[in-house]
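Okay, so chain A shows up in both of these, paired with chain B first and chain C after.
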Partner chain A sequence: MNIKQIVGVVVFLLLVFIAVPWAIASSGRWDFYYTLTSVALLSIASAGVWLTFYIGRINIGQGAYALAGGYVSAVLIMQVGMNFWFTIPLAGIFCALLSVLIGVPILRLRGVYFAMVTLVLTEVMRLAALALPITNGAKGITSIPLPQELSLFGLTLIPDFSTLENPKLAFYFAAVSIMVICYAVLWRIVNSRLGHLCRSLQQNEELSASIGVHTAYLRVLAYSISSFFGGIAGAMFVAISQSIYPSSFQVADSINFMLNCFLGGLGYVFGPMLGTLVLYFGWDLLFTTGRYQLLIYSSLLIALILLLPNGILSIFSRKEKRS
Partner chain B sequence: MEQILANGLYLGAQYALIALGLTLIFSLMNVLNFAHGQMYVFGGFVTYTVVAQLGLPFVVGLFVSAMTLAVMGAFIEKFLFRPVIKKSTREESTMLLAAGIAFFLDAVILLIFGEKQRGVPKIIDGVLNWDFRIIMPYDRILIGCLAVAMIIAFILFMQYSKTGRAMRALAQDRVAAQLMGVEVDRYSMIGFALGAMLAGLVGGLLVTITGVNLGMGGPTSIKAFLMIMIGGAGVISGAIAGGFILGMMESIGLTALSSYGDITYLVIFATLMVFLAIRPQGLMGKPWG
Partner chain C sequence: MSTILEVDGITKKYGGLVAVNNVSFDVTEGEILSVIGPNGAGKSTLFKLISSFVRATSGTVNFKGDRISNLTPHTVARKGVVRTFQETTIFRSMTVRENVVVSHHLRSKASLLGFFFGSNTARADEEAFGRSADEIIEFLGLESISNEVASNLPQGHLRALGMAIGLATDPAILLLDEPFAGMNHDETMRMVNLVRSLRDERGITVLLVEHDMPAVMKISDRIVVINFGEKIAEGSPAEIQSNEKVIEAYLGSDDDEIGL
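Right, the complex of A and B next:
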């Protein structure tokens, strides 16, 4: 890490933890908290998708894991009575294990075949959530309580959300903190030995296998980390919306996770975060245009792809090349 | 039993026609066309407008729908896909574009045609009743036969016409085809237009039976993906086989599994995943598409 990167991280942290709440408080647009919290959570799931892109697979199945994670968290809270904060890692681990089971056969596929199978996986998960008894079918699980207090040796680490006067702000901080941790982990993975090996998979799987890289193990590992991200994003989402239905995450969401990565740029760790912000926030801002919302949104999307087919962040790399 | 098979064949003929367009576009340009379902819905609405609102005969509606979609496909290829494919570093970027086009078509359909379910009056009345073993309305039989005829016409076109040969060469090896003097850009455009036209034709055919509505696009795309996965992406015979297999599975599943609730598609998906784990390239596909 050089000085420039440290400064960038500090500026980013100041921005999300101090500048954004201050701007919202002074402008009075409290509804932005919900939008920004969603952006933070969706960008966690997108980070997972990005990691599968990093090993050269197109993943359109993140919605499945987000849904599974959400249900794990909801069932644990409602039926076991577990504290919400413990269900987050459990949801992530459950998704990671599930993804190992699913990933071992399907990760042999490549290209569009893998993309289509994962797309179908989202639909499978939705139908399974409809059919399984524990998920309560189409009615979903509703009126899930707000996150409880988390304390260590009597010391309150996270207060009970229902006693707070502004749970929206608390959710924002929680979601952004998790996002920061996830992206830090992602950045660390990409810049480690594991990341280099993943990059070799992206470029040529046969070649990297021939020089002794354990490709089958690596791609399952990357896929399970990706699903872990999806699971915790889904679990956190359940806490905010206090409900989950089979239609909470569907094919459209899975496609959006993929689009976030493309839009931000596949070659940049922070691409999915920016892509999510642009796509989700842009959609929200266009709400005032009423019935032309989708038309304007999709036209802008197409124009953006035509101008910058390698993602928004590719603007910067182009400048560097010229100078 | 005969009834189930007849239903399966009828569904399969339609499905195969949808899958053909998708697989054609995929084999020529390596583009997974997310907007295929939306194109199909658009074709249905065009037919509805021509037949039900302008009062013209059904054949005209079908023709107008096919032509509209063909022109639309040609423009989409020329002005959207071609520049993006040339400029992007990773081929998958076209997926983002295809999804953008799917959103765009959804918006256009919503603004022009509205969100209501639309259908046209039956082309012919009456029901075929063969000893209560097969009961099927005549218009379904007609649509099924039309779909089969179109599939045959498409195969003949791809086999024997010069354009068809050029497109098959392109699908096999892009560079080699270019070296042999095939105009790659021109035939890519024709291929995309043809694929879109097939989507428009199916939309026009199905609007007489099931009607169309705005929400049908996405699920149709997913079904089409399923079919080309079963048969193998980019292979014409595979798309046809996939369409008929899915139609048959749906027809049998709806009858055999009806006592267990709405789990037909869950079973189909699960079977498909097991199948793909054993044979990743589908029935007839090339490995690694």
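Right, the complex of A and C next:
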């Protein structure tokens, strides 16, 4: 990492952990916490989608893994009585394993064919949640308790959320922390040899195989990391809404995860984060425009796609080229 | 010199069409062997069979005694049999140097997890790959464009880059698919010298498929000729040039029935 990057990371951390809570406290817009927590979680799921883009696959099925992760967490809390914080990694691992089973056959497909199958996945997962006995059908799983205390050797690492004065703030910090970890992992993947091999896969699978890359293995690996992200995002969502239904994550959500990546920029690790912020927050901010909300929103999206086809973050590399 | 690659009765059928029919030949270590034949003779299919990009209907290919046919491309590459492509196949949006560095994959000692955490082995690997990439780039005379994005390069350079990618895998045999296609005389002669130096300076056995007859005659130690998927001749350039069957295949035979 160079100095510029370190400064960028420090500024970003100060912004999300200090500046944002301060701004919300002084403006009194406490509802923004819910919005920003959602943005943080959705951007984790979008980060996963972005990684599948990075191996050259269009993934419109992240909603399936977010839903599966949510149910894993809910079932473990309600039926096994497990501490919520342990269910997060378990939900991620469950989704990663599930995605290996699903990914091995479908990752042989390319382009629009892979995209179509993943689009179906979300719907399949929703129907499965409706039909399986453990998920409690259309009634879903409700009144899930707030996250319990997490302690190590009697030392409280994370306090019990139900004793907190302001659980909204706690959820915000938890979600943003997980997001920061996920993006650090993603950044490291992309900038290590693993990422270079993913790029080689994206650009030419035949050539990649002929230089000795086990392409099938690498594709499944990237897809399972992607689904891991989807799973933990879903699990965290359950804790915040304290409920999960088959309709918690739908095809529209899967499409949004993909749009977030497009909007932020497929060539930039932090593209999906910015994309989620703009897409989700933008929609929320336009709420005051009432019935014109959708019109303004879609016009802005079209304008963005026309003006910056490589994503919002490409505005910086454009400037560099000109100067 | 010993036999390094042994093609034994290899056959590939696509439905009723026989693309390659019972072709056998040996490649001796350290030689440059060309496979020639008219358009559609099955040369490219033969290459794909050797590198396991397609599965053989029958017959085998052995490399140093191990069967390498009907495996997967990456396992064949791992054994040291590496192909370059007919089309100018490269990693388009990487720079020349990135192309070559990433192609060192087979030489890496560290695991992917090691690369993720930046272990000592991984860092040593990366450093070694960088040095080796620079050396390969210099060997092929690509220093001046090493930081150019590959999609901006002209054809001649792309062909050389394809070869650099092949070299990065440290192959025992390099399969070159039409290395001289679309080149003018000067470029072809430069490429001929380059292919020779692969063998002379790096000890790589070269198997190539080519249309350009003058270049093939100049470069090859031996030539295998195939037509309609079958081998019709094998021998030194001089032998091939005077072989009746070869002349017939390329120029056509007298047709008695219509009195020509």
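The rule we apply is simple: the second predicted complex is superposed on the first by the 323 of 323 C-alpha atoms of A that agree within 3 Å, B and C clash if a C-alpha of one lies under 4 Å from a C-alpha of the other, contacts with A are read in each partner's own complex, and residues count from 1 in each chain.
Note that a residue touches a chain if its C-beta (ideal position, glycine included) is under 8 Å from a C-beta of that chain, and two chains touch if they have at least 3 such contacts.
Everything numeric here is computed off the predicted structure, so don't read it as measured data.
Novice: Both complexes share chain A, so when I overlay them there, do chain B and chain C fit or clash?
Specialist: After superposition on chain A, chain B vs chain C: fit, no clash.
Novice: For A:292, decide between first (touching chain B), second (touching chain C), both and neither.
Specialist: First partner only.
Novice: Going by the contact rule set out at the top, does A:197 touch chain B (first), chain C (second), both, or neither?
Specialist: Touch status of A:197: second partner only.
Novice: Scan A:139 for contacts with chain B and chain C and give back first, second, both or neither.
Specialist: Touch partners of A:139: none, neither chain B nor chain C.
Novice: Which partner chains sit in contact with A:255 here, chain B, chain C, both or neither? Use first/second/both/neither.
Specialist: first
Novice: Quick one: is A:310 in contact with chain B, with chain C, with both, or with neither? Answer first, second, both or neither.
Specialist: After superposition on chain A, A:310 lies in contact with chain B alone.
Novice: Counting only touches as set out at the top, which of chain B and chain C does A:212 meet: first, second, both, neither?
Specialist: After superposition on chain A, A:212 lies in contact with chain C alone.
Novice: More residues of chain A are touched by which partner: chain B or chain C?
Specialist: Comparing touch counts on chain A for chain B and chain C gives B.
Novice: Scan A:130 for contacts with chain B and chain C and give back first, second, both or neither.
Specialist: First partner only, chain B.
Novice: So if I take every C-alpha atom in chain B and every one in chain C after superposing, what is the smallest distance between them in Å?
Specialist: When the complexes share the chain A frame, the smallest chain B-chain C C-alpha distance is 10 Å.
Novice: Once the two structures are superposed, pull the chain A residues common to the chain B and chain C interfaces.
Specialist: none
Novice: In the complex, go through chain C and note every residue touching chain A.
Specialist: 51, 53, 72-74, 77-78, 82-85, 89-94, 98, 101-103, 105-106, 108, 112, 115-116, 118, 122, 125-126, 165, 168-169
Novice: If we count contacts the way the header does, which residues on chain A are in touch with chain B in the complex?
Specialist: 53, 58, 102, 105-106, 108-113, 115-117, 119-121, 123-124, 127-128, 130-131, 251-252, 255, 258-259, 262-263, 266-267, 291-292, 294-295, 297-299, 301-302, 305-306, 309-310
Novice: Quick check: in the complex, which residue numbers of chain A touch chain C?
Specialist: The contact residues of chain A facing chain C are 188-189, 192-194, 196-197, 199-200, 203-204, 206-207, 209-215, 221.
Novice: Tell me, which parts of chain B touch chain A in their complex?
Specialist: 26, 30, 32, 34, 80, 83-84, 87-90, 92-93, 95-97, 99-101, 103-104, 106-108, 110-111, 218, 222, 225-226, 228-229, 233, 261-263, 265-266, 269-270, 272-274, 276-277, 280-282, 288-289
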